[in-house]
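What follows is a single structure, written as structure tokens, with notes after it.
All chains are identified by letter, namely A, B and C, in their written order; residue positions are counted from 1 within each chain.
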Amino acid sequence: MYVAVKGGERAIDNAHAWLAEERRGDLGVAELSVAQIRAQLSLAVNRVMAEGSLYDPDLAALAIKQARGDLIEAIFLIRAYRTTLPRLGASCPVNTAEMAVIRRISATFKDLPGGQVLGPTFDYTHRLLDFKLAAEGEAAQAATAPAAMEAVPHVMAMLDRDGMIEAEPLGNDVPADLTREPMELPGSRALRLQAITRGDEGFILSMAYSTQRGYGRTHAFVGELRIGAVAVEMEIPELGFAVEIGEIELTECETVNQFKGSKTEPPQFTRGYGLVFGQTERKAIAMSLVDRSLRWAELGEDYTGAPAQDEEFVLMHADNVQATGFLEHIKLPHYVDFQSELELVRRLRAEVFATQEAAE
Amino acid sequence: MNDALLGGFVDAAVQSSHAFRAALTVLSQPGEIRELHGAVPPAPLSVAAGVLLLTLCDGTTPLHLAGAYDCASVRDWITFHCGAPLVSVEAAVFALGDWVALQPLGQFAIGLPDYPDRAVTLIVEMPALEAKGAVLRGPGIADAAYLSLPEVAAFQANRALFPLGFDCFFTCGAKVAALPRSTHVEAV
Amino acid sequence: MSDQAYNFAYLDEQTKRMIRRAILKGVAVPGYQVPFASREMPMPYGWGTGGVQVTAACLTPDDTLKVIDQGADDTTNAVSIRKFFQRTAGVAVTEATADATLIQTRHRIPEAALTTGQILVYQVPIPEPLRFLEPRETETRKMHELEEYGLIHVKLYEDIARHGTIATSYAYPVKVEGRYVMDPSPIPKFDNPKLSNSPALQLFGAGREQRIYALPPFTHVVSLDFDDHPFEPSKAPHDCDLCGAGESYLDEVITDDQGGRMFVCSDTDFCRTRCEAGHLGALGVPVLKGGA
């Protein structure tokens, strides 16, 4: 006797309870605190903030804990929370030239005002598992030096002064916001940058890598990569001036790319730009390559059909919350559509067999 | 002086939900008439027009006030309760006025061939609103419906633009009816 | 009881206004996909976020909500969405199609005829009927503008050339009021005739793709076909084994690993109502009305 499947609600409740138990794991092991995640898994926290489009390290750490370390799930939690927040206003553009840098490198000049600051990087670590960390993670105190008071001007500003790089004039346009308006293509550069900075790190990385290997090649030099804290200011209409409302950590990457020039313009370098929440330099570099690649039309370059040149392809597929939702939705029941296909294929097969029999 | 601060929704989430359902019903069934309640807007605004503004307009929807409706009390009330920027005809996403003051209609946005949704919604204040008069046929109507439209020719011309065109709500006291651009209109 | 921590029906009022304006424009231009600024919802994209946003924008506290997935009220995602609105809007819920004022559905139109005043909200994964022929939004938008629908006819005709019949069995494209070609969401083509001239208002929400579209009541909807290959709604050539219905859409259930199978109504409310009325299929057992 067949009884229709029932009990969806109880199954869901039980699944949630089991999930909570699995999240906690072995009760004999101390529970992970949000503060520990924030302090010791800070690069994961940064990624969740960047792709979640919300600068809040404590909430990002909480999301990582709740998501059992699944960063896309954590990003999703942050995004869903973010949409419920009231919009109180917009900050002024941050001034990255006044960043308090903890890391600043240029691949284009050996030395420059502000100097090369290696900072806390994996770059020259030998990737050897450090078994000491398995025992205890206490690190020796790093050497310190007094903070340099010297300004750290942008490398691009120095190139700009000589007219060696395309000018990027200041604008007063209010940039589009894809979280508040439906995306309309072709989009402005500001819209593209927003989509890329909150796009999936893996996707943006692969897009950037593909341009390096020759799919829409635009050879990029890292003119400058800087990481550090910048002040966030907001205009208060009642006061008539901007006040500092906080500080955020950012990674900014500006690339210098080749450009042949034209009849009207002398040869000049062109720019790619990346700006991402937190210490997230892989993403920022990748972003600047993809940005530059998407600018082919504006710079009069050829469209070679490369994926990273295709604005619609990049922008419509960069968001991992959208992508994972649609990908995973195929787990949901599709009995009805499958049944309609099943019937169709049965009917087509029956017709084929009938024709064959008739022919014999 | 403080009248502008009064007359809004007391329970916006619930009141706007009822108002929207009424607006949705009349637009999807041209000729139907419903009542809207919950706002006490300043004269000459009708209750229905006031409720529609509170339900559909905000800082993202430029609004044009025509004729007698472009007065200080209405402007202040809308600015306080909706925050809709008040604009000239061409920039309007919504426009409010009586039929004569809204003329000529040709200045309003009728949408773009690739984005026909980017068209104005007119809120037309009426001296009377009844389910009789012009004959309406088309989507939303089983056979024929009737509505006391201010005229016929303008709506026939609008239908000829389909899928472009403007869409109308008609308000009178608490009553609301609507005519989307998809409706075919004939004189009786 | 609704959860006081959230606004009525979860969404903030500004978001609802934005969605409501899009719904109204969709109603004004039947079959045209209105872009809207879809929000991230607390359930994944692809799991009904478009339908949920449309439902949230339409619900009033007086509504009686029914949620179905594959025609059934008790599939897990239907249960989850129903629970979401019970929690955030405190609305009454029902499994009876006739008692519902608003029905959110995925992949089916209920068997029972809908009535004036009811709203049917469809969850839509890919709202663009031309998407699988032309992946670019910039191109398909142009095709809708110019009514260039030749490509979709070519696709259907290629089916006929290869298989002798149109090989699209669900999400079968329709033309609305002679103007826009529309994707009816992945309903089986068996359901397509119910799209046309329905007394109910039909609203379609695609969250990830940021589109809302609508069919007002009594809108003329035609499934695309050819004179020599007319559209045929189809279903499994069986009666329901539980209630004996001959004209309902059926789920196939595998009963053993020896090829055993049975067919039951996909619309669980329709099937139960028939069983309670005394109808009996080949494998059904008599049900006491009002019983479990």
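The working rule: contacts are C-beta pairs under 8 Å (C-beta built on N, C-alpha and C of every residue); 3 or more make two chains touch, one makes a residue touch a chain.
These numbers were taken from a predicted model, which means no experiment stands behind them.
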{"item": "Topology of the chain contact graph, where touching chains are joined (line, ring, star, complete, other)", "value": "line"}
{"item": "Chain with minimal offset from the mean of all protein Cα atoms", "value": "C"}
{"item": "Inter-centroid spacing, subunit B versus subunit A (mean Cα positions, whole Å)", "value": "43"}
{"item": "Separation of mean Cα positions, subunit C and subunit B [Å, integer]", "value": "30"}
{"item": "Interchain centroid distance [CA atoms averaged], subunit A/subunit C, Å", "value": "35"}
{"item": "Multi-chain contact residues (two or more partners), subunit C", "value": "35"}
{"item": "In the complex, subunit C residues that touch subunit B", "value": "7-9, 13-14, 16-18, 20-30, 32, 34-35, 57-62, 116-117, 141-142, 144-145, 177, 179-180, 199, 201, 214-220"}
{"item": "Partner subunit C, residues of subunit B touching it in the complex", "value": "12-14, 16-18, 20-21, 23-25, 27-29, 55-58, 60-61, 113-117, 119, 121, 138-142, 162-163, 167, 180-182"}
{"item": "Complex contact set, residues of subunit A against subunit C", "value": "1-2, 4-9, 11-12, 76, 79-80, 82-84, 86, 179-186, 312, 316, 321-322, 324-329, 332-337, 339-344, 347-348, 351"}
{"item": "Subunit A-facing residues of subunit C, complex", "value": "12, 15, 35-42, 44-47, 49, 69-72, 74-80, 83, 106-108, 125, 136-138, 163-165, 167, 169-171, 186-190, 208, 210, 234-236, 241-242, 249-253, 255, 262, 264, 266, 268, 283, 285"}
